[in-house]
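Structures for review follow.
Here come two complexes built around subunit A, the first alongside subunit B, the second alongside subunit C.
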Partner chain A sequence: MQFFGGSDISPSPPAPTASGNNAHMMYMFNRNGVCLFYREWNRPLWTLNAQQDHKLMFGLLFSLKSLTAKMDPTSAEKGNLGVPQLPGQGCSFHSFRTNTYKLSFMESPSGIKIILVTHPRTGDLREALKYIYNLYVDYVAKNPVYVPGTPIKSDLFNTNLDQYVRSIS
Partner chain B sequence: MGREVSESCVESLLIEMVSSYCNRFYADKQELAARRIEAIGYQVGHQLSERYTMERPRFSDHLEAIKFICKDFWSEIFKKQIDNLKTNHRGTFVLQDNHFRWLSRMSIESSPEMVVSSPDGEDKASQAMSMHLYFPCGIIRGALSNLGIPCAVSADISSLPACSFVIRIKA
Partner chain C sequence: MHAISQQLSPTIGCTGIDLLEADTFDLHCFQSLTGTKFFVVCEPGTLYMDVLLKLIYELYTDHVLKNPFYEMEMPIRCELFDLNLFQAVQKDRVALLGR
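Moving on, here comes the complex of A and B:
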């Protein structure tokens, strides 16, 4: 699947940064489409400004989930689309891969969506995304000064996330 | 005595208590909100100290009572003891906890933009953080008051997650 201006990007994937981080960037959205969190470790190319980029990402995910659920040849019932499901239930895509990156996705039952963009040879990141969701619960949901539904501003979350992402192979 | 409750439940309840008092009930009277929260802590501390001193003899002096707060009382509530106790031997005690359990997940973002844009922003953040310390201050005051030691307790966050409680015993 080619999405962003395929001809500009060279076919060989970019080398990881000197900091050794294995991921390019990460997004987190809530149920209403508010971008709670965006962090980049290695992103040489921006095609849109930040606002548009976030909206595009959210719209993309919404469409992809809808598409994959409708195309499911095995499911008899058409469930209620747009309602978050338990991880593993129903039919939801969890990643797609291009020649230059891999995008992994997870949605929690509370509607928190986590997107992680990494280099294309990354393995299955579903367990990693679950761990990141646990970091969110520990350092954001349980943070006394965090207001739910607002962008995440927590040093503890940032530090622990950076540390964990560095260890993903 | 053997029943337990989930720690997440208690912590969420405390967070909501502070939030309700500061943002809804006394939204423009932060001082009043602080005193209400401290008063709730007072009641809780009073009852907890009753419970945790059940089989003990009376304390011989103020220092023994404070040491009880630092060791047994703190262990029962926070699963650890106070890390450092200082006193001026004239009725003032400073209790330092290097990793206060209820502050362990508290965090703000210390980006350079925040410091430049407004000194106000930082004050609001630190005020929001210190609101969460009134409840434990009340607990200490209530506990000591039940042991016959009237006092005033204040707290101060030096650097997250460490904080110190200052007890001033009324002569």
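Moving on, here comes the complex of A and C:
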């Protein structure tokens, strides 16, 4: 795939970044805001119910993307805040950090958004997110019985994902 | 957005976004105890921005809050604050980043 340099699953995943706790949780959304996938490994606190949590997460990401596109100091003015941007158009954020977690974000050209929430001292996870996207392509998108836009229920995808996430934490 | 990020935290004790990393810039945030937020937009990977933010907060308390003619919640129009701010950023560029 040209976007990611031409290889399917790369034979060696990116090297582990920080040691410590495992990743907390992971979300995947499509371009319409449907939550395709949610997995948690370590989440002590739930503030809202699952539906609201997903909607809030998608809303936050949408607003942050609009904000970074508009706030970009290196580009010319681009219309009003809140105008939907095509994937890849304008500057997009790739992570934000708070004192309790770090959220890493990646959007594919087809609008698939992958979000990984980890502990705050994690390094740059962009390569890891690309690898997870390749896992999605191999185990979900190439699955002939998978209907795009519906939640992902693939055991192979889950197993490989768990294995990979454990190796980067 | 600060509040929403607190609600999405997987553990307790979250105080909001500290750093937002984008492709072409980084946005650092400092929140004072009263809720006033200070933001710095810088190049990706710039170090010591949290030190700079604390410094700016001190300048704010010295030149703006202690100014008897300054009204709370109004835009800041204090020359001394602007001057010292400019000097702090220049000094930061020279001393801390070696440019």
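As a working rule, the second predicted complex is superposed on the first by the 134 of 169 C-alpha atoms of A that agree within 3 Å, B and C clash if a C-alpha of one lies under 4 Å from a C-alpha of the other, contacts with A are read in each partner's own complex, and residues count from 1 in each chain.
Following the convention adopted for this analysis, contacts are C-beta pairs under 8 Å (C-beta built on N, C-alpha and C of every residue); 3 or more make two chains touch, one makes a residue touch a chain.
Note that this is a predicted model, so its numbers are computed, not measured.
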Comparison of subunit B and subunit C by subunit A residues contacted: C
Contacts of A:Thr68 with subunit B and subunit C, given as first, second, both or neither: second
First (subunit B), second (subunit C), both or neither touched by A:Met57: second
Touching partner for A:Pro144 - first (subunit B), second (subunit C), both, neither: first
First, second, both or neither for A:Thr98, with subunit B first and subunit C second: second
Footprint overlap on subunit A, where subunit B in one structure and subunit C in the other make contact: none
Complex contact set, residues of subunit C against subunit A: 1, 4-25, 27, 41
Partner subunit A, residues of subunit B touching it in the complex: 8, 11-12, 14-15, 18, 102, 105-111, 125, 128-129, 132
Partner subunit C, residues of subunit A touching it in the complex: 24-25, 40, 42-45, 47-48, 53, 56-57, 59-60, 63-64, 67-68, 71-75, 91-101, 103, 117
Complex contacts: residues of subunit A adjacent to subunit B: 138-139, 142-145, 153-158
